[in-house]
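Each structure below is given as structure tokens.
Across the two complexes that follow, subunit A remains constant while its partner is subunit B and subsequently subunit C.
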Partner chain A sequence: MNRSLWTALRALAITVVCLIIAMPVVWMIAAAFKTNVQVTDPSVGLIFSPTLENFRNVLADGEIARSLGNSALVGLISTVLSALIAVPAAWAVGRFRMHSTGSLVLVARIVPAISLLVPWYYLFAQLGLVGSYTVLVLSHMFVSVPLILWIMIGFFEGLPIELEEAGRVDGLSAFGAFRRIALPLAAPGTATASLLAFIFSWNNFMFALILSDENTKTMPVTLFNFISYASTDWGGLMAAATLMTVPVLLAAVFGQKYLVAGLTAGATKG
Partner chain B sequence: MSGFDRSNRRLRWLMLAPALGFVGLMIVFPLLFTLNLSLTDAFGAVNAGKGYNAGQNYLDALGDGRRFWPAVWRTVYFTVGAVVIETILGLAIAMLMRKPFRGMRVVRTILMVPLLATPVAIGILWLLILDPTNGIANHLLGSVGIPPQEFLGSVSQSLPVLMLIDVWQWTPMMALLLLAGLSTLPEDPEEAAQVDGANAWQRFRYVILPGLWTTLMTALVLRAVDALKTFDILYATKGAGGGSDFEVETLNVYAYGLTFDYQEYGLAAAVLVLFTLFIVGVVVLLRRRSREASV
Partner chain C sequence: MSGTHLNRRAFGRLLAAGAGAAALAACGGSSTPGRNTPLRISAINHVWSQAVQKRLPEFEDSIGRRVSMQLLTADQLSSSYNVKLNASANDIDVMMVRALQEQLLFARNGWLTDLSDLVADQEFDWADFQDAPRQRSITRDKVLSVPVVTERPALYYRKDLVDGPPATLDALREEAFRLTTADRFGYVGRGQRSGAVTQWSSFLYSFGGDFTTADGGSGIGSPEAVAAYRFYGELLDRAGPPGATNMSLEQAMPIFAQGKAAFYIDADAIYSNFLDPAISTVQEQVGFAPFPAGPAGSKPHNIPSWSVGINQFSMLKDEAWQFIQWVSGPQMVTELQAAGIPGARSSAWEDPSTLTAFPADLAEAMRINAENGIGHDRPEVIQVGRARDIVGRPLVAGIIGQDVAPVAAEAHAEFADFLVRDNRQQEF
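Up next is the complex of A and B:
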């Protein structure tokens, strides 16, 4: 086949794929800037005079702002704590070839979360912790710790061990080799894993649905409760959904290279 | 290396202990708890009643043709449909993007959007697009002469529509995983095949696909596990019970409803144990298939 024709067809196909993937999200963001009359009129496309009214309304409510704050807080704390315990563990697994322990990661991924939620609820209710930030952070860490472990084991295995051995020859302890040599080299991997862990915590719906209360509920739960207003206030709903999605979109744009590496970690080794 | 290894046995366990201990505590006790619960008649509260009923919950679940088995079939239908379409489309997109092109970065960024966006928000945006009276979907269908559809408002269309939303959301993930796999393949065998006169399809079928097999099967396992457990988007768009006629009630939605809407803890735990065994079975089956490298 003609070479330039083939190139043109390929460009066309890729463009179509991108449009199909991007358009629904673009449509949501556009709807957030429409009046409620415009939202419910599909003939109003992407060209209209935007209004900030929807954002003003949902943020004036206070509930959305608080939920966004809760999501950010739970996401940040659970990610930092997870990285603190998972990164050293990943180094130990990667360097000392303890791969059977890695299978715990797989178990954590297979088990349906609901089968854990009931016992967690029961246990944390005994401790008077249901509805607290503590229980939300712990439940989100249950997702983050295996995720960071999974990504970082692969990352540490990819680092040349010679550097650490040289450090040991120069008198560093094994822990020193980890802290002064491996850890700085692993900074990009740690950043990738932490960013993904934060995003998954930010998106988590089911844990907060059960374990949070009125004051601690995170944004996905608030958003879910808003759905019942759909028919009356599409614009507000879209503004709330946009506020939830924009931070993730920014992460995708600025962290593209790292996030792809993190998402595909482990898959090419089998 | 062996001295390096042995002298640090204590250190390595010290570094592993917090993470392993945490995940272990969060998973081992709850699993035993659920297993125990599944053998009791707990109802209303997890410690209410608590008489052991000799596996009655399992018999009840397996003999329930009204909610349990339909939920099993919906789970299978949703997972098989979504994962098969996602694998084929993902492979096609990965092949399209294999050779570098201008704008690769932008395209990869766009591919990441659906899989990083909040599932509940995705549910909401599709509710707007698919709204039977005001949505853009029926507007577009109308412009090519197709009558308006009910989409998520219809009992028969809800599950296929949600399957297609899943395809929209997760095909990019498949594409990115397979693209990563393709980038690790050596170029020599393919060039050799080309010199030997193999056409594009033959090179794909007999050179690229076998090389990609491990990645493909790993991606398939990961995606299948997540698809079996899909919850957020089903619950966000259709609510408790998967709709008025339970039309999108998969095993996960069913177990959630039994637990948190009906407080049928004993039965719910039995369903969850069966569900977990089902997922484990799927994983074992797929992994065995992947070892028989029989492309």
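Up next is the complex of A and C:
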């Protein structure tokens, strides 16, 4: 096949796929600027007179700001703590061939979350922790730790062991070799894994629904305030969903720049 | 290894001791809640709950305790109960429940407190509650919930398109077919397999059928049920929007609100959507009418869509009952009904001032539907979701233009088996 035709077809395929993937996001953002009548009217597409009313209502609601703050707090703390545990663990699993231990940790990702909630709820209720940030952070870590661990095992296994051996020859302890050599080289991987763990935490609905209370509930639960028994405030819902998506989108965009820089730096060193 | 380091066995012992201490702490006896412990209410995000929430300070003052009200969607509420009450949670005191959807299951699990002695209080006047909703609050001779919101179907129609509302189902069909044009649907309604069952129930009763027979067997294979399936299917197939089988309340309601349909039958509780200029383009044209009569007359459902009960594990049962007395007492029901939220007390319905908040034709339609009402809108079983899936299958067949009879016969056989199994689970 002609090379330019092939390139054109490939560009067309990529455009179509991108449009399909972006469509829900575009619809969400467009709906956030529409009235409820316009949202439910299929004849109103992307050409309409926009309104900021939905954002005004959402921002005037103190509960949205509090929930966004709760989501950020739980997401950041659970991600940082998970990374502190999972990154050294991944190095140990990778370097000392502890794959059965690694598989055991993976069970946490295999078990459906809903089946964990009854025993968790019972245990945390007895400990008086239900409704606290602690319980949300712990529950999110239960999923984030295996996620980071398994992404990082591959990263550490991919690093040449000779680099750490050289450090050991120069007098570093095993942990010193991890901290001073392996960890900096695995920074792009740590960033990727942490970003994915943060996104999981940011979007998690089920754990927050059961384990949070009015003061600690996170944004995915609060979004449902816009859905009542007989009606849905689509404009408000989409404005709140847009506000919820923006921080993660920014984190992904900036994270990606950092990742590319980190990967390039690693390649140059290699 | 030096003495200061833990060996593997010592570490194991330490871990076991820690786990044991945690378990002991976890199994410690629960204490009586202090004055700072709030009364916790789990409720549906509904206009009723929002209206009650605004009035909470008045109740808090009367009991001297803070009240925390959590509003969730119906599915979230259900998931929350299933997880928390499985773990004998005591952080829910008052539970808002759908008596017809989950009361039987909750009763079987022992999650709802028996209110029989409490409602017997003369002042509470239990007999004042409408018969159909009151009967649905009783499971195994025990009153387990008190109805607070009732619901019937209403016929929403476009006054600018017809001279008056159709009084019979045949007239509705004829008009709907006549008014179907390229840019307007003659009729819109729920068509989703499970979601449509509750609204279809009024068609079923008005054709002379029911979900079950008098001896507890399947009723969906009867000639009346097949006729109701065929009627509803044909109505949506020939006069309804494309993709009707994916439509529940959330999808069907906006089509009528956008002025794209001539008739719509759904819960009367959603009427305000058509009068709200932020959502509706038909606020001037919409009319309200009672459910049209079928071959067996007009037999709409009249159900307690939402009720309140007390968690069996609550530590604040006295305060929880005080809350129920407050929200379901004659004064509050009258007040809320006057604000447009239909309750279950006959005294409120008999008071003309409570109906002034509704458009006159809707108030009249609600009164007539309540008089003719049948107290259930879905099969009365433990596994309601599964039952609705089975019952809804011939509905979908009718809507997509298939022959209903063989699908109904198949569903009838499956439903009969299901009922035998479900009845066994009801032995508690």
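Just so it is clear, the second predicted complex is superposed on the first by the 232 of 270 C-alpha atoms of A that agree within 3 Å, B and C clash if a C-alpha of one lies under 4 Å from a C-alpha of the other, contacts with A are read in each partner's own complex, and residues count from 1 in each chain.
The rule we apply is simple: a contact is a pair of C-beta atoms (placed from the backbone, for glycine too) under 8 Å apart; a residue touches a chain by one contact, two chains touch by 3 or more.
Just so it is clear, the model here is predicted, and its values are computed rather than measured.
Participant: Taking subunit A as the common reference, can subunit B and subunit C both be placed on it without clashing, or not? Answer clash or fit.
Facilitator: On the shared subunit A, the partners clash.
Participant: Is A:224 touching anything from subunit B or subunit C once the two structures are fitted on A? First, second, both or neither.
Facilitator: both
Participant: Applying the touch criterion given at the start, work out whether A:127 contacts subunit B, subunit C, both or neither, answering first, second, both or neither.
Facilitator: The answer is second: A:127 touches subunit C but not subunit B.
Participant: Scan A:119 for contacts with subunit B and subunit C and give back first, second, both or neither.
Facilitator: Both subunit B and subunit C are touched by A:119.
Participant: Is A:40 touching anything from subunit B or subunit C once the two structures are fitted on A? First, second, both or neither.
Facilitator: After superposition on chain A, A:40 lies in contact with both partners, subunit B and subunit C.
Participant: Could you look at A:214 and tell me whether it touches subunit B, subunit C, both or neither (first, second, both, neither)?
Facilitator: second
Participant: Is A:11 touching the first partner subunit B, the second partner subunit C, both, or neither of them?
Facilitator: In the superposition, A:11 contacts subunit B only.
Participant: Which partner does A:135 contact after superposing on A: first (subunit B), second (subunit C), both, neither?
Facilitator: A:135 contacts neither subunit B nor subunit C.
Participant: Per the contact definition in the header, classify A:83: touching subunit B only (first), subunit C only (second), both, or neither.
Facilitator: Neither partner.
Participant: Tell me which partner A:58 touches in the superposition: subunit B (first), subunit C (second), both or neither.
Facilitator: neither
Participant: Pick from 4-12, 40-48, 76-84 or 274-282: which stretch of subunit C gets in the way of subunit B?
Facilitator: Clashing stretch: 76-84.
Participant: Mind sorting out which residues of subunit A both subunit B and subunit C touch, each in its own complex?
Facilitator: 40-41, 114, 117-119, 122-123, 206, 210, 224, 227, 230
Participant: Quick one: in the complex, what on subunit A touches subunit C?
Facilitator: 35-37, 40-41, 114, 117-119, 121-123, 125-127, 130-131, 206, 209-210, 213-214, 221, 224-225, 227-232
Participant: Going by the contact rule at the top, pick out the subunit C residues touching subunit A in the complex.
Facilitator: My answer: residues 22, 25-28, 44-47, 50, 68, 70-74, 76, 79-80, 83-84, 86-91, 249-250, 253-254, 257-258, 267, 269-270, 272-273, 278-281.
Participant: For the complex, give me every residue of subunit A touching subunit B.
Facilitator: On the subunit A side, the touching residues are 10-11, 13-14, 17-18, 20-22, 24-25, 27-28, 31, 39-43, 85-86, 88-89, 91-93, 95-96, 98, 101, 104-105, 107-120, 122-123, 138, 141-142, 145-146, 149, 165, 168, 174-175, 178, 199, 202-203, 205-206, 210, 219-220, 223-224, 227, 230, 234, 237-238, 241-242, 244-245, 248-249, 251-253, 256-257, 259-260, 263-264, 266-270.
Participant: So in the complex, the part of subunit B that touches subunit A is made up of which residues?
Facilitator: Those in contact with subunit A are residues 4-5, 7-8, 11-13, 15-16, 18-20, 22-24, 26-27, 29-31, 33-34, 37, 46-47, 93, 96-97, 101, 105, 107-121, 123-129, 131, 133-136, 138-140, 168, 172-173, 176-177, 179-181, 184, 214-215, 217-219, 222, 225, 229, 231-232, 235-236, 252, 255-256, 259-260, 265, 268-269, 272-273, 275-276, 279-280, 283, 290.
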